[in-house]
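Each of the next two complexes has subunit A plus one other chain: subunit B in the first, subunit C in the second.
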Partner chain A sequence: MHASHSWRVTLQAVFLFVFAGISARAQDSEIRIGAVLPITGKESKIGGAYKAATELAVKEVNDAGGLLVRGKKMKVDLRLLDDTSDAAKSAQLVEQLIVQQKVHAVIGGYGSQLVQAQSVVPERYGIPFISGGAGASSIYGRSKWVFGTLSPVENLAETQMDFLFDLVKQRKLKAPLKISLLRENTEHGKDFQKGVREFVNAHPKQFSIVLDESFELYAPDFRPLLMRVEAAKGDLFMCDAHLEDYIAMHRTYTQMGLYHQMVTYGARGADEAGRKALGAATDYIFASGWWSDLLPYPQVKAFNAKWKAATGNNPQWYHACAYETVRALFAAIQNAGSLQPDAIRNALARLVLKDSILPGGVLRFSKTGEATLPFVVTQNKPAGKLDLVWPKAAKTGEPVAPIPR
Partner chain B sequence: MKAFKASLWAASAIFVLAAPRFLDRGTLNDLWNLAFAVILASAWNLLGGFAGQVSLGYSVFLGIGAYTTVLLSLRGVDPFLTLPLGAILAAAFSFVIGLPAFRLRGPYFTIATIGVAEAVRVCASSVSFTGGSSGLRMPAGSFDFNLNYFSMVVLAILVVALAAYIKRSAFGRALAAIKQDIDAAEALGVNSTRFKLAAHALSAAVVALAGSLYAINFQYIAPGSVFDFRLSLSIVLMPILGGVGTVIGPVLGAIIFSTLQIKLLSIPALRDSFLFIYGGLLILVMLYEPHGLVGVGRRLAALAASAFGTNRRIPDAG
Partner chain C sequence: MQQLVSVTLSALLAAGLYATMAYGLAVIYGVMRIINLAHAGFMMLGAYVTFTLFSRFSLDPFIGLVVVGPLFFFFGVVLYRAVGKSMARSGATPSIESLLLLFGVWLVLQNLAYVIWTGDTQSILTSYTMKSIEIFGVHVGVPSVFVFLASAASLIFLNVLLKRTYLGKAIRAVTQNRDAALLSGVDADRISATAFGLGTAFAGIAGGMLSTLMAFTPDFGRSFLLKAFCIIVLGGMESVTGVALGALVLAVLENVLGAYTPVPTSLQDAVSFALLFVALVAFPQGLPALFARFERKAIR
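And then the complex of A and B:
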């Protein structure tokens, strides 16, 4: 045989054998938990935080000897993969964890658009899936295997409107108020828009929407959009954006010298990354969140101390949500007393986590698999201070409205 | 020797077609990914490799195929019946791009294709019928992995066979002439625009078919995934790594690319090294062997030939 053909024969042989290998099955002496997170790429800022919190929750359990299943303690083997903030890769990796690594359950990623892609996979294989980083309602209710600890974004918007309405009732803001409403062109953004619109329709004397526009996720330039905001002459600026877009948009907002009586970027505003990037420009922004370290529960104080001891920093809402997601899954596994997918799934559906650090203090899932917990509202204050301003019963400071010029 | 080569290709084809009988689902997933990569790389090679027209906008065609399938499936059409329409739409769009873009040459053509792809991605993210940045999901209950596997593998086999046929056909020789010297080819009576448009349309249709099958298998698409520039880049990198203008080069490039992507990403210690390793390989290829792995093979063959004292001409690896 000629030499030029030898290498081709060899390569084809390699091709045949590389893919003929059958992945080794691990024994069920440990609990294999898969997680796919955006540790690099556009969502890496918060994805990295989810990773740290997930690992802390797993470490705590393993340090305590593991989870009690079938009467014996079993350690948790966390198989955490990076989807590089790529939706297609995210779904592929979830499939890989289920099919090749034979995980018992999967922890979903951060970002509704990434979790949306992941959430189609668990149904195919019948594996429990729980996400702590996706609030878009369209993800839930399609598969009995999919759960999420973030309450619907629509409720987030309603909470913000309740807060603003209360400011009107307190005469801090004068009705009627014109709203400039911006949203990312995602399911997350649509839910936010729906929540605001429904409230405005129910309160036409107090609120009206003068601008309602969407923008591309990770848009490169917000100036044209903000010029339309300027022209609309709204009293309130309400936007739903991811962290990267919030930082980019508010930088442009500040450079353009725009002013509104109240400003929000949905769940963004209190984020440490945003405050570091934008400094005093973030003062008085209010945000609705799935959690705040200012919540007056003893379990929250304990978590704050634990997180600070482990990392040296104060926890953010995404740390808490990621941590609580893992805790919810582990509680379900222990309640199930089994590693069978059906048993874990049913335990998740029935779960009532009474010492939850999330608002309300009790975590449970609705019929669609989505948690429905109250939201909190925080407002940034000068010098890096942050106050919990809603619900009133838990507030740590008075809301400042309108924003001083 | 031709019979031996043909039997090896046939054995490979039989292996992948029979694989569901003896391989586990995880390995089949890998083979599905490999077949997908082979289709994209080989389809791009029809224009980029055979005719030397380097387009960085092939994700557009993948997106057109994928969106055609999902949008029609959501309206009750059987997903597999949507494949021809996706291919036709992509081929038609390739004319829309190609007619003005083929007036440009070299890097200007490449830049134009990047511009078109980015424009399409931004538009797809901004309009609502694509689901915006959130994308769209296939209707529930339309998933059959075995069918998806066979569809992708059969398409990959057909595309490689098509590439081999074209390379030896008059059409392939015309493309090769265009690649060598477009002015000389024109002078010899080759209508370069017509041939380039035909190769572009053919490769676009093939990529759209792969896009449709991608949507059927993943059940979810978004502009950020199917119109992603990184995807366009990957499509180009595979043949470059394997060897542009050959039949086996894109296949080799696809094997390395998909293996690196899937295997390394699943190893925590190596997951961040995927781009580093791939980038390193590319630098090595560009510096030392512009013909890719096929070129390396030729060199090894030449060394072996001289070592054994034979003095035969080294045949074309494709």
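And then the complex of A and C:
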């Protein structure tokens, strides 16, 4: 008797909860979008940039009257929270946005560690989640609700190898080439290593790996590691590193008088902070990125102008990726014509954003939820000049290879 | 042969760097029995002050240390006067209050740095940053050589201060037995404030020197703190010569493993912690005490 009574109460509670939810959604007069970003703390620099780009994308839509859903324009209410670059807090805030603020979708943060922590929450509540700041493959494919606009880091390495392979084909570099491969001991680094290894395994006549080592983040002394690099006598130096480690390592590399025909630090190289810290020692380093303002597409030129008008500065890759993440989500909401989580999620999975500002010009997601866009390759030139050297169709200058001694 | 020279030089330079990071921590622990968790925060602040002196006043980072040292000494004394009552004053083990308090100070300093300098990565590029000199055919970075020389000068300064001056003798007296020092008329509170100032000054100087070698953010210093702990445990916690010795042992081990074994260099930190573990178990009083024990045995 007691048992059946408690069952009835529970069922009533469930119905009330579901009904309340449905009626709350039925009465939606605006689209609630949550965002959790590292606005303060160690990731604040790029986190702050993500905030600015997200707000710009939302403002543009609201200035135009909002998004078209069920035949009427609805404004976007952005609820942006700061996780202070703390992974535990980041996940907690995503939960808070979903449970308490009943957002229709969540925009994830910047940094693979933070997004990894966030990405377990959407599955629990069945809410679409899209991030523009995490390239580690391990984040994707575990939940159907998680999407990301950064192509996997593995593709970054593959793009660099494609670029090097093309230099071999052009006879600028002479095969066979020995690679000294270093990577930071993170998911990002592992993906980089995997990308290089797979390419080398597929092209054994052109490339071989003579050194494959990892290092801990923020190591105080890179000399022992670089002594191994020196002893390995590689032709190419390929490393995946954070900005701080790139600066410290390349200082030691230069002081030790090391030389390789081509040098890369993965996504690092074109950064203003790196060039300021290393001066002419960064000349001819090539780097891969998720975006470049040098891309020759009309939509990129329009975005550059729009960003400059809004902020007074030239956009960086993180501004573009954050902006495009919001645009992808908004396009999916309009395509879904509904604010139901399932409908938005399915629209994201089917999305083909044809006027994308990202490399390739078309943004779509793979089965695992990751965007699979090509990367761009830039090469630093003397006097602070930077050229886009890959893809070939978009290049603004000829790649210099091998690096002059 | 060339590799041996290279490994020896690398180990020496790294030892200079490591010792610099650890002196301040050892001075404060020796006198006050406090594990200064704010040490990393002081180093970070030292890096930023050096950076500001360089970028605003074009002051060379190594000359800037002449400003950083006294400034941080004063800061340390003021900090001790402000919160020193909450720290341990006697006893052989650090109090939990002092640990929490100094951890709090570290967090405050870190957030203060975010407010003042933002989270942007900063670095110092001088005319000699990328230059190197050739020693026995091995290229070594000029800033690393300067750091090594500054570290050797710090060791001499601290040894002279502790062994040849009244202040030094008073510091050693408080280090050995605070109550007995008090009974002998030593103002232990003033000595503690001075030692805290001295430790803070050395942390600031270490940060200033590290800023010439690497880039930094307000998060800077965390990984160095762990290494510095290992060094002072190895060096005997109270002896600056021991600290230099501990730094040398750690640097030699890391470089030899890097050059002559297939052990991945990513295990460098694991080497530090393994050494810390061995030191705590096998010779908790540090290397100087271990050598003294061997010496006594040999005499017998």
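The working rule: the second predicted complex is superposed on the first by the 357 of 405 C-alpha atoms of A that agree within 3 Å, B and C clash if a C-alpha of one lies under 4 Å from a C-alpha of the other, contacts with A are read in each partner's own complex, and residues count from 1 in each chain.
Just so we're on the same page, contacts are C-beta pairs under 8 Å (C-beta built on N, C-alpha and C of every residue); 3 or more make two chains touch, one makes a residue touch a chain.
Bear in mind that the values here come from a model prediction, so they are computed numbers and not experimental data.
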Check whether A:Ser338 is in contact with subunit B, with subunit C, with both or with neither, and answer first, second, both or neither.
neither
Let me test your reading of the model: by the given contact rule, A:Asn185 touches which partner, first (subunit B), second (subunit C), both or neither?
both
Could you say whether A:Arg142 touches subunit B, subunit C, both of them, or neither, answering first, second, both or neither?
first
Just checking: does A:Leu80 make contact with subunit B only, subunit C only, both, or neither of them? Give me first, second, both or neither.
first
Could you say whether A:Gln92 touches subunit B, subunit C, both of them, or neither, answering first, second, both or neither?
first
Subunit B versus subunit C as contact partner of A:Glu216, first or second or both or neither:
both
Comparing subunit B and subunit C in the superposed model, the one touching more of subunit A is B
Partner chain in contact with A:Thr40 - subunit B first, subunit C second, else both or neither:
both
Would you mind listing the overlap between the subunit B footprint and the subunit C footprint on subunit A?
40, 185, 214, 216-217
Flag every residue of subunit A that touches subunit C in the complex, lowest number first.
40-45, 48, 185, 213-221, 223-225, 227-228, 231, 243-244, 247-248, 251-252, 254-257, 273, 276-281
As the complex stands, subunit A meets subunit B at residues 1-9, 11-12, 15-16, 18-23, 40, 80-82, 86-89, 91-93, 95-96, 99-101, 112-113, 116-117, 120, 124, 136, 138, 142, 184-190, 214, 216-217
Help me check something: in the complex, which residues belonging to subunit B touch subunit A?
1, 4-5, 8, 11-12, 15, 19, 23-27, 29-31, 33-34, 122, 125-126, 128, 131-135, 137-138, 140, 143, 145, 218-220, 222, 224-226, 228, 230, 248, 252, 255, 259, 262, 265-266, 268, 271-272, 297-298, 300-301, 303-305, 308, 310, 312, 314-315, 317
Contact footprint of subunit A on subunit C as seen in their complex
3, 6-7, 10, 13-14, 17-18, 21, 114, 118-125, 129-132, 139-142, 144, 210, 213-219, 222-224, 227, 251, 254-255, 257-259, 264-266, 268-269
